[in-house]
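A quick write-up on the structure given underneath.
Letters are used for the chains, namely A, B, C, D, E and F, taken in the order the chains are written, and counting of residues starts over at 1 for each.
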Amino acid sequence: MNRPSGRAADQLRPIRITRHYTKHAEGSVLVEFGDTKVICTVSAEAGVPRFLKGQGQGWLTAEYGMLPRSTGERNAREASRGKQGGRTLEIQRLIGRSLRAALDLTKLGENTLYIDCDVIQADGGTRTASITGATVALIDALAVLKKRGSLKGNPLKQMVAAVSVGIYQGVPVLDLDYLEDSAAETDLNVVMTDAGGFIEVQGTAEGEPFRPAELNAMLELAQQGMQELFELQRAALAD
Amino acid sequence: MNRPSGRAADQLRPIRITRHYTKHAEGSVLVEFGDTKVICTVSAEAGVPRFLKGQGQGWLTAEYGMLPRSTGERNAREASRGKQGGRTLEIQRLIGRSLRAALDLTKLGENTLYIDCDVIQADGGTRTASITGATVALIDALAVLKKRGSLKGNPLKQMVAAVSVGIYQGVPVLDLDYLEDSAAETDLNVVMTDAGGFIEVQGTAEGEPFRPAELNAMLELAQQGMQELFELQRAALAD
Amino acid sequence: MNRPSGRAADQLRPIRITRHYTKHAEGSVLVEFGDTKVICTVSAEAGVPRFLKGQGQGWLTAEYGMLPRSTGERNAREASRGKQGGRTLEIQRLIGRSLRAALDLTKLGENTLYIDCDVIQADGGTRTASITGATVALIDALAVLKKRGSLKGNPLKQMVAAVSVGIYQGVPVLDLDYLEDSAAETDLNVVMTDAGGFIEVQGTAEGEPFRPAELNAMLELAQQGMQELFELQRAALAD
Amino acid sequence: MNRPSGRAADQLRPIRITRHYTKHAEGSVLVEFGDTKVICTVSAEAGVPRFLKGQGQGWLTAEYGMLPRSTGERNAREASRGKQGGRTLEIQRLIGRSLRAALDLTKLGENTLYIDCDVIQADGGTRTASITGATVALIDALAVLKKRGSLKGNPLKQMVAAVSVGIYQGVPVLDLDYLEDSAAETDLNVVMTDAGGFIEVQGTAEGEPFRPAELNAMLELAQQGMQELFELQRAALAD
Amino acid sequence: MNRPSGRAADQLRPIRITRHYTKHAEGSVLVEFGDTKVICTVSAEAGVPRFLKGQGQGWLTAEYGMLPRSTGERNAREASRGKQGGRTLEIQRLIGRSLRAALDLTKLGENTLYIDCDVIQADGGTRTASITGATVALIDALAVLKKRGSLKGNPLKQMVAAVSVGIYQGVPVLDLDYLEDSAAETDLNVVMTDAGGFIEVQGTAEGEPFRPAELNAMLELAQQGMQELFELQRAALAD
Amino acid sequence: MNRPSGRAADQLRPIRITRHYTKHAEGSVLVEFGDTKVICTVSAEAGVPRFLKGQGQGWLTAEYGMLPRSTGERNAREASRGKQGGRTLEIQRLIGRSLRAALDLTKLGENTLYIDCDVIQADGGTRTASITGATVALIDALAVLKKRGSLKGNPLKQMVAAVSVGIYQGVPVLDLDYLEDSAAETDLNVVMTDAGGFIEVQGTAEGEPFRPAELNAMLELAQQGMQELFELQRAALAD
């Protein structure tokens, strides 16, 4: 098997995490998984949504968008079409659940964190890049909040990262780019913690159904790639 | 471990599939997974969406809704709020992908099938009941289309069914009802074909992340329950 | 004159009122006027809309919907089109006004009752079936509220029911089904109380205008049919 | 009984119909029922909606709006709220049905007529004023279309007018203004043809249900007032 | 150069300002710039938007609309299309900014003034007519509020008026009507105070860019026409 | 006078124009006016909007957006609010008109160019940066289209650039950043061609009205700054 990208089956794309990418947000990261580039910002606001009022805990929610020409063909701008599409809602719900898993919300105080993941260039894996990058931006934002004295303790429970795996020409491969994703028979997105637990597993057969053995192989490959991602996050945070 | 429902860990709820439930649709099924009740209709219309015009193949798309008081607390009607929520869109996209996996669309002719899954009473597992019931309604609809002479061959490739599994008090359990789902640590929805392949695997950690071993145990339990579901579908179709 | 349904001019369709049809709502009825089937639920919530705050009285409001394939041709789902159509709004306003006429809102306490009428199969007369069925569900809901101790007295002032009448081939006929309605020259919907008063009278000439004498004949026929409807409601409530 | 307006029970408000009120529309009328003032325009466009294509007939549709401060309290502008309310849709559907009853659409050619009724000052009876005024604007527009040679014959079948009647302090009264309407027990809107047929009858009990005898008395009063309205329309057209 | 209207280059259209045009609003003016006719109402409501709460000052906001057939071709009604277009929003923001410039909002008390400018006939210059007419309606409304005792002082700082200028066949001309506007190379809208200051200057090259000298000539012409407009406003207020 | 930025009154911020910033679009530029950063892409699609069909010419349209946390406080995402705000529509209409002025649309062939300006960091002057950067992206896109053979000639008529000027503490200053803009008495945006003509002039008094002499001084300052902008564009294109 030869991947279109020429990578080994278990090889991630070159990954770069640039912190403090824009100046206003409490946390701001440009994350690159190869040619996929996403700006992840974390914005803190005092207060919580109505359903959490008076419970002394915080909240985290996420939104996702793509610039209209981040893709090969221009996509209509969701703001001008007047609604977010199903794929967008699905991805931002996934990002929100994943990032909430990193936190102990009771230590966040009555604050709301908004994660915004905006894709400026898409080449496959925008949701996994978003989760991986937003985790770093989240840690930066928590440091800012701590300095401001608005935290009750350290809300960070664990690191979170995400990666896709797929079956390409019968072989499990890691971190699919757009070309590989389009040709893959199966696409599996995995979100994990640095302690080795699964947060989310979402697999879809694009063509033929996948066999239990293939699912297992993909899950193992994802777990392996995840170790590298956590190291890359730690390295970025150490800068 | 005692499940709130008193069922064994690997026991499905009582499942009923009532065909020809309403009179206008090409296929119409009331599916009941215990107290969860969903009306699944299949409507055939000549023609295909623009992106498929002239390719000589058909299309299948799905929509999902809940009656406002199908749930314990009334939910605002999506039609009057002016948009479908993220959960709704996510579920109807899942139903559409799953049912398309049952078909060879090139044998459908230039027809579009609309799957409508409307929950009239919710008690957990509405999406898995929807997929399981809609498959039966789909087969009924194909029979109607065949009689009308609008098919090119037999588009049915395989049967499709779905079930949820979870970790309840540390033990993997099959087909969670609402009470169990609310208390479960993990929720995994699995869509499979009767040939034993996976169409979709969607697992979410509600509280603690789940371990690889737990994931494996849940996947095995799902595969086992799936056999019963296919038998129930076949029995309903044999009536 | 031979009605397509073979019924006598003053004959209602077989009418069935099934109480406790779904389990969550305070009141829940499946009402059938022949092949027309509507689920009517009544949901009670503490509190009133802003314009009634602090006046010590309650409120009742209604919503109406049709499942997309409740009709001969599939209708686009209003939730996915992003708005309720004019016909829907007109009908739900009619249901709301009619059901409010059954109540003394000052005895309801500061509670809001939501009537949801969802058509699962349509064959003419969905609005009159909705009003007739929702009245029974309302009475069930009031009994639940009374048990909970949230009422100030008995808010029920009177029973309400509704029926359609029309001119078919020059002859006034009662309770039109879809075929008859499509062929009728005039369609008149009448909502009355069991004390013999009119709540609503809505007549529309479909083709030729109708004469005063025809209007009188239709009104008399409606009043006559109404007696049967009140008996059917009472019988259902006596079960 | 003393009406707040000081009028006799069977007395219309002063009614004025000003033709050619604005310059662009094919028909343009300012209609005044006392202090109620509505601009009614008729716009002709070549072509028909999709559901009528190729049938060689025309179409007529209506829209209704109120300027935000046409009323005692300012109402939010529907264009900025992003949707038309239920009352608006109900009224514009009524206007459309009523005006279509004036026409033989097969003689209109493949043209669409848009009726726009915009209330610039409201004091009760805006829908009946709209229908009465729009009929005159329609006749003017047909004359313009005839000159342009775009008609197949004379599409005008009959004149149409509308008036409200009510029960005020137990007495049937004609053409209620806002104060009277607010205090009336019953409100009945009647649309008729100049040949004495009913197009629409819409009666609503505001407080107590109304008796059959009251309904009859109101209908008679409406028929009587209608004669004056047709004379006023004819006089305006004769100018 | 011969203007289509036959006017001199520096000649305004006949301008009429009719106060108390409708009866409900605190201020209500019909303003006519030739065939352009706009109803301007001012509605006062107690309270201010959230962002101004507790600051002891008032607010003024504006909305603009066109009746569907105020123009040569019918425009779709914004309320039924479900949103206001970009041009509408642009104009109503301009009207709001301009009218706020007339006021010292700290003397308005915690009141909100809604300016509604509704075009009933359009022939060019609807935004400048709106601003000029709304200023008169605003002064009438302030007098009403003063009588009611809801003002802290006199909020009126200065009069405001607006006019368009353009380059038609190479010559700067004042107050363009629709025909002239369509043929003009440049269109400049100017809002000024009666003390000779500019509030807004908005110039757009329709075809060729305009030269600095042309801009100066247009600005001078606008200033000159503005003197007449202030006199016309004062004359209307003196009636 | 000391500008908060420490710049001379006639000094632009450091301006950077990075071409080929993202890989999919026909033209893609990151433009920076100091800390204001905007991604400008140009996307070409075959075909034109309906109103231009069959006229053998092309079209250009623009859209504008801000990432939610491009600003000091997070702004709600327009896609999730379901509509673009008035400011957004105003700016994108301005960008569209300005860029169309650069082109001879008859030489574009039946192609549509979409300009997307997305602000990733805002610090004042986002609309002027957008126009200045999009012009460079447009020229790159035309080169791509020429290579593809889809142009009829060279559609570029002239270069276009934009800059803001204002009155800060009584002194006219060039290219205001956010702090200066917030404190300025007047804000004037100017769009010009490299041949020295004005495309747009939009001035707004934020506090006190501005005098004719101030307007002239600002216009001169803008013209002067514009020369530098055209040189920067040319330098970027020469790379």
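Everything that follows uses one rule, which is that contacts are C-beta pairs under 8 Å (C-beta built on N, C-alpha and C of every residue); 3 or more make two chains touch, one makes a residue touch a chain.
Here the structure is a predicted model, which is why all the values come from computation and not from measurement.
Asker: Counting only C-alpha atoms to place each centre, which chain is farthest from chain D?
Answerer: Centre of mass proxy via C-alpha means gives A as farthest from chain D.
Asker: Using mean Cα positions as chain centres, tell me which chain lies farthest from chain E.
Answerer: Measuring from the centre of chain E, the most distant chain centre belongs to B.
Asker: Approximately how many whole Å separate the CA-defined centres of chain A and chain E?
Answerer: Taking the mean C-alpha position of each chain, the two centres sit 50 Å apart.
Asker: Starting from the mean Cα coordinates of chain C and chain F, work out the distance between those two points in Å.
Answerer: 59
Asker: Which residues of chain A are in contact with two or more other chains?
Answerer: Residue numbers touching two or more other chains: 82-83.
Asker: Ring order from chain E, via chain F next?
Answerer: Moving around the ring in the direction of chain F from chain E, the order is E, F, A, B, C, D.
Asker: Contact residues on chain C for chain B in the complex?
Answerer: 22-25, 28, 35, 37, 39, 41, 43, 45, 63, 65, 67-72, 74, 77-80, 82-84, 88, 114, 116, 118, 120-122
Asker: Touching chain B in the complex: which residues of chain A?
Answerer: 83, 86-87, 89-90, 92-93, 97, 101, 188, 192-193, 195-205, 208-212, 215-216, 219, 223
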